[in-house]
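Each of the next two complexes has chain A plus one other chain: chain B in the first, chain C in the second.
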Partner chain A sequence: MSLYRWRGLSSNRTFVGLDNYKKLAADHLFWQCVKNNLWLLVVGGTALIALGLLLAHGMQTRGALTRFLRSIYLFPQVVSLVVVAILWMFLYNPTHGLVPDLIRRIGIQPPAEGFLGSSTLALPSVCAAFVWYALGFYVMLFSAGIHQIPIEVSEAAELDGATGPRRFFGITWPLLWAVRRVACVYVVINVMNVFALVYLMTRGGPDRHTDTMLTYLYEQAFVDRQFGYAASLAVVNLVIALLLSAVVMVLLRRNPTAART
Partner chain B sequence: MNGKLISRIGMLIYAAAIVAPLAWVIISSFKSGFEIFESPWALPAKPEWSNYQEAWREAGIGHNFFNSLVVTSITLAILIPCGAMAAYVFARYPFRGSRALFTTFLGGMMFPNFLVIVPLFFLLRNLALLDTLTGLIIVYVAYSLSFTIFVLSGFFQTLPASLQEAAMVDGCGHSKTFWKVMLPLARPGLLVVAIFNAIGLWNEYNLALVLLPSDKNRTLPLGIADLVMTQHYQSNWGALFAGLVIVMLPMMVVYWVFRDRIYQTMLAGALKG
Partner chain C sequence: MKSFFAAAAILCSLAQTGCGGSAKTDLEVAAFKGGYGIDFYEQAAKEFEQKHPNLKIKVWGNPRVWSQLEPRLVAGDPPDLMFPGWGMDHWALVEEGQILQLDDALNGKPFEGNGSWRDTFDPALLALGKSDGKQWVLPYYYNVYGWWYDPGVFQKNGWTPPKTFDELLALCGKIKAKGIAPITFQGQYPYYMLDGMLLPWALSIGGIEAVRDAQNLVPGAWKSDAMLQAAKMIDRLNKEGDFQKGAVALSHTESQSEFLNGKAAMIPCGTWLESEMKNNMPPGAKVRFFLTPVVKGGKGDPSAVLIGIEPWMVPKDAKHPDAAIDFFKYMTSLTKAKQFVREKGTLTAIKGSDSESLPETLAEPARCVRESKTVWSVEYRNWYKDFDKEIQNALTAMLNNEITPEQFCERAEKKAEEVRNDPNIKKHKLGG
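Our next item is the complex of A and B:
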């Protein structure tokens, strides 16, 4: 379908070969979307992996707080993305949202146009909502990884007095390389397929500062009725996601513990 | 000691960051529109139950709720038997090419469904199933099948083969063995998969957005998203928050009741995929 120019009326479908892809390569709006996706990937992905690891590490201790946290940390995952998007729209609301209010209390003046209306802050704000939503999954992934660390290693570390940060960087971090690799692939897939959150929170605005590949795809297909063009966008999105996943797999291929054992 | 304190503070912040926004939604759903606007942090002076009434009736959330209930339950009613039968064959009757077929199914688990949305839209339009719940249900069944087969075949593999043999010796045919012996044994697995799928289907937005263009068949996520757009002009925010609670609370309760089993299923899916 990506090789046709087609506006949804079957009589008017013409084969245009690779024209859609040529158009895509020259489409600066498309490149803006790719840039936004990559920004989300780098910033959001780093936050997800770093926070996920740290929180999973912290949640290994016993106690009332950890027990409570363990039973609630997947809540954002079972709430619909629509609810997450609306919830955060209200949290960011310039006149009575909690986030601007908090910031005002600290003594910083929040942007008058609102977090989601500011061209510089809109993408980070959407990213924060995305991290809030997705974090539980990565905490879960890393918690499971930490559980798989052989008990002898943890005990030996404890006997040698490795606790807190030392234990984190000496034991947890290197031994979790395999889980980290899986987590990175998930980050790529998740971020490349961000749609509902952006679509509902900002519609890609202001002025396409938060537009992502899939919101652009939706607009091309179901608003502008450029179905062939939208299909080529889907193909390119998939190719980019596969390429990035492959890069992650190759970059993190080496087992950092192998040299020592 | 210092490290411990930092980790405690970090976890406290994390817990607050999860609970506070969700609690805020629930608290705001009992406030009048004026209270939400004037004192966002305060508790409601008196709970406004009428918000729920308004959301359910006037805003049409009740209608959407019913649609979601129909879609989710019919999808599960088709999905679970089909998935169980396929999974059983994959687990117990290896045939030529069964591994390749199974891997293909797993690939479907990872594939982002929004990328096929354009062809899917036309497929349903040509079948005259666009904008119908039937069409959405068929798509949902197809899209949930991968994960269902993956989890259930893992479950069937753990059941002892001797039971299957014993049933055969006692004169059950292949199908009777499955329906009378193996399927009842797999009940815990079926339950988890059903719950897990129910949560995903109840919350699903992307496919429903494209495949249900008109108002009448809207599912709950579509209805609430639409409410935000119209409520911007009416500013009856209490009802909007009540609507949000109606969407999120059932799945939070389900998750709370079955959290240990859901956790294990999610993890299995995440690590294998």
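Our next item is the complex of A and C:
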């Protein structure tokens, strides 16, 4: 389909060869979307992995807080994305939202145009909602990974007096390499698939500052009725996701524990 | 790809037309189910069936009916009559040769009365369904665009709806003094601002030509003096703090709730406002209409009213186009149109149908249309979606103080030029 010009309203299609791809390469809006996706990947991805690991590691203890966290960390995952979007729009609402209110209380003036209306803060704000939504899955993934660390290793570490950060960097981090790799690939796929949250919260605005490849694709297909062009966008999106996943696999291919023996 | 189309066609026809066979003519009508529902069309179908015992009419619809119609149009198996709603690009359908030309039908007899069917429509509204001098789609009900206020709030504070931009500026000062935001808007959908401020103001300053040229992509029209002044007026309100803080990020329902809850005194919107928000109306809240304040001394007609039609059409591949046209003639008869106005509380394109008692909310928009010498509409949005998106984005950038009014006009003009020079985009002209 990406080699055709097709409006999706009749069976009239024109073969245009690689024209759609040529147009894509020259389309600065598309590159802005790629940039936004990469930003989400770097910032959101790092936050997801770091927070996921931290929470999973912290939840190994047996306190009341742990029990509480265990019972709620998957909550955002079971809520519909539409509800998540509406919830966060409420939180960011410039007149009665919790976020601007908190910011004001600590003495900082929140942006007059609202968090989701500000060209600099809209993407980080959407990113925060995305991280909140996706985090539970990574906590679960890392928790499962931590539970798989052989009990002898943990006990030996404890006997040697390794606790807290020492234990984290000496035991948890290296022994979780396989889970980490899976998590990174998941992050890539997650971020390249970001659509509903952004579309519902900002529709790619203000002035395309939060447009992602998929919101742009949606607009091209279902608003502008350029299905051929949208299909070429989909193909490129897939290729980028595959490439990034491959890069992650290659970067994290060495088993650090195997290297030590 | 072919097999995909065929499969989609079979699935859709199984799902939506049923598999019964009878000697009767089965007429299928698909309608967008918005705030006004589809019960009126269903009732009309029942009545029409009684008049034509050999006809069986199936009316169906939902709020996203266009997405179900698309695959059926592609497969060549559309319904006989359709009202696909705002999600369907009807001009693209015309360009793709999917719509039946209706001029012959319009020259025929109407359901009731003398003359031609054409004569029963308001000519200005009928003209909105024309392209290349041919009639493709027909109006039924229509919307009027303007500004809204709550009469209770205004009365309590001794305010009156502003007629001119100067009055607006003075009023905004008074409203701010009360700690209320003068104006809020649907920031996530900047076209409300285009239709509520930029384009009416450009018309008010430069006359109808300013807006007509802009829609016809005449070189220089988007950076004409009228357009620039109109952009500067929005910028001025913005800089003076007359817009609700953060409105740029608000969705249509959020901003409309802010307005209804008294956080802002005025909002630009179409006549659907009340029906869209009826479940969120705080007790005692009322909404009343007024025309976008005009610029004193401008070239434009101060009575100009912006309207938008909701088009009905007969697909070219319809199996029973004549029966479909006959049924639509029945729906557009004065008797049925008056009944629609009465039951649904909205305006229709049928001459004389607004003589019924209108709901209070609609009395003012109806009066404005009746007394207007210039009824106009925004059509370029339906023709050039990509272009419109760029203008909306540029407007948001201006509201965020990232670009000046001059740069806004430059951006719009640049995109207009791009569209003008793109041979793959079919060009349209206002007024068919």
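Note that in this section the second predicted complex is superposed on the first by the 258 of 261 C-alpha atoms of A that agree within 3 Å, B and C clash if a C-alpha of one lies under 4 Å from a C-alpha of the other, contacts with A are read in each partner's own complex, and residues count from 1 in each chain.
Convention: a contact is a pair of C-beta atoms (placed from the backbone, for glycine too) under 8 Å apart; a residue touches a chain by one contact, two chains touch by 3 or more.
Small disclaimer: the values here were computed from a predicted structure and weren't measured.
Peer 1: If you count the residues of chain A that each partner touches, which comes out higher, chain B or chain C?
Peer 2: B
Peer 1: Taking the superposition as given, does A:193 touch the first partner, chain B, the second, chain C, both, or neither?
Peer 2: first
Peer 1: Would you check which partner chain A:89 touches, where first means chain B only, second means chain C only, and both and neither mean what they say?
Peer 2: Touch partners of A:89: chain B and chain C.
Peer 1: Look at A:116 in the shared chain and tell me whether it touches chain B only, chain C only, both, or neither; answer first, second, both or neither.
Peer 2: So A:116 only meets chain C here.
Peer 1: May I ask you to decide whether A:223 touches chain B, chain C, both, or neither, giving the answer as first, second, both or neither?
Peer 2: second
Peer 1: Name the contact category of A:124: first (chain B only), second (chain C only), both, or neither.
Peer 2: It touches nothing on chain B or chain C.
Peer 1: Quick check on the superposed pair: does A:68 touch chain B, chain C, both, or neither? Answer first, second, both or neither.
Peer 2: first
Peer 1: Using the superposition on chain A described above, determine whether A:202 touches chain B (first), chain C (second), both, or neither.
Peer 2: Touch partner of A:202: chain C, not chain B.
Peer 1: After the superposition on A, what does A:54 contact: first (chain B), second (chain C), both or neither?
Peer 2: First partner only, chain B.
Peer 1: Report, in rising order, the residues of chain A that make contact with chain B in one complex and with chain C in the other.
Peer 2: Residues 1, 8, 89, 95, which sit in both footprints.
Peer 1: Quick check: in the complex, which residue numbers of chain A touch chain B?
Peer 2: 1, 8, 54-55, 57-59, 61, 65-66, 68-69, 71-76, 78-83, 85-89, 91, 95-98, 101, 132, 136-137, 140-141, 144, 163-165, 182, 186, 189, 192-193, 195-196, 200, 214, 217-218, 221-222, 227, 230-231, 234-235, 237-238, 241
Peer 1: For chain C, which residues count as touching chain A in their complex?
Peer 2: Where chain C meets chain A, its residues are 1, 5, 70, 73-76, 89, 92-93, 95-98, 187-189, 244-251, 254, 258, 263, 385-386, 389, 393-394, 396-397, 399-400, 402, 424.
Peer 1: Within the complex, which stretch of chain B touches chain A?
Peer 2: Per the stated touch rule, the residues are 2-4, 7-8, 10-12, 14-15, 17-22, 24-25, 36-38, 40-41, 110, 112, 114-119, 121-122, 199, 202-203, 205-206, 209-210, 220-222, 224-225, 228, 240, 244, 247-248, 251-252, 254-256, 259, 262-263, 266-267, 270-271.
Peer 1: With touch defined as at the start, can you tell me which chain A residues reach chain C in the complex?
Peer 2: So the residues of chain A in touch with chain C come to 1, 5, 7-12, 89, 92-95, 112-119, 122, 202-203, 205-208, 219, 223-225.
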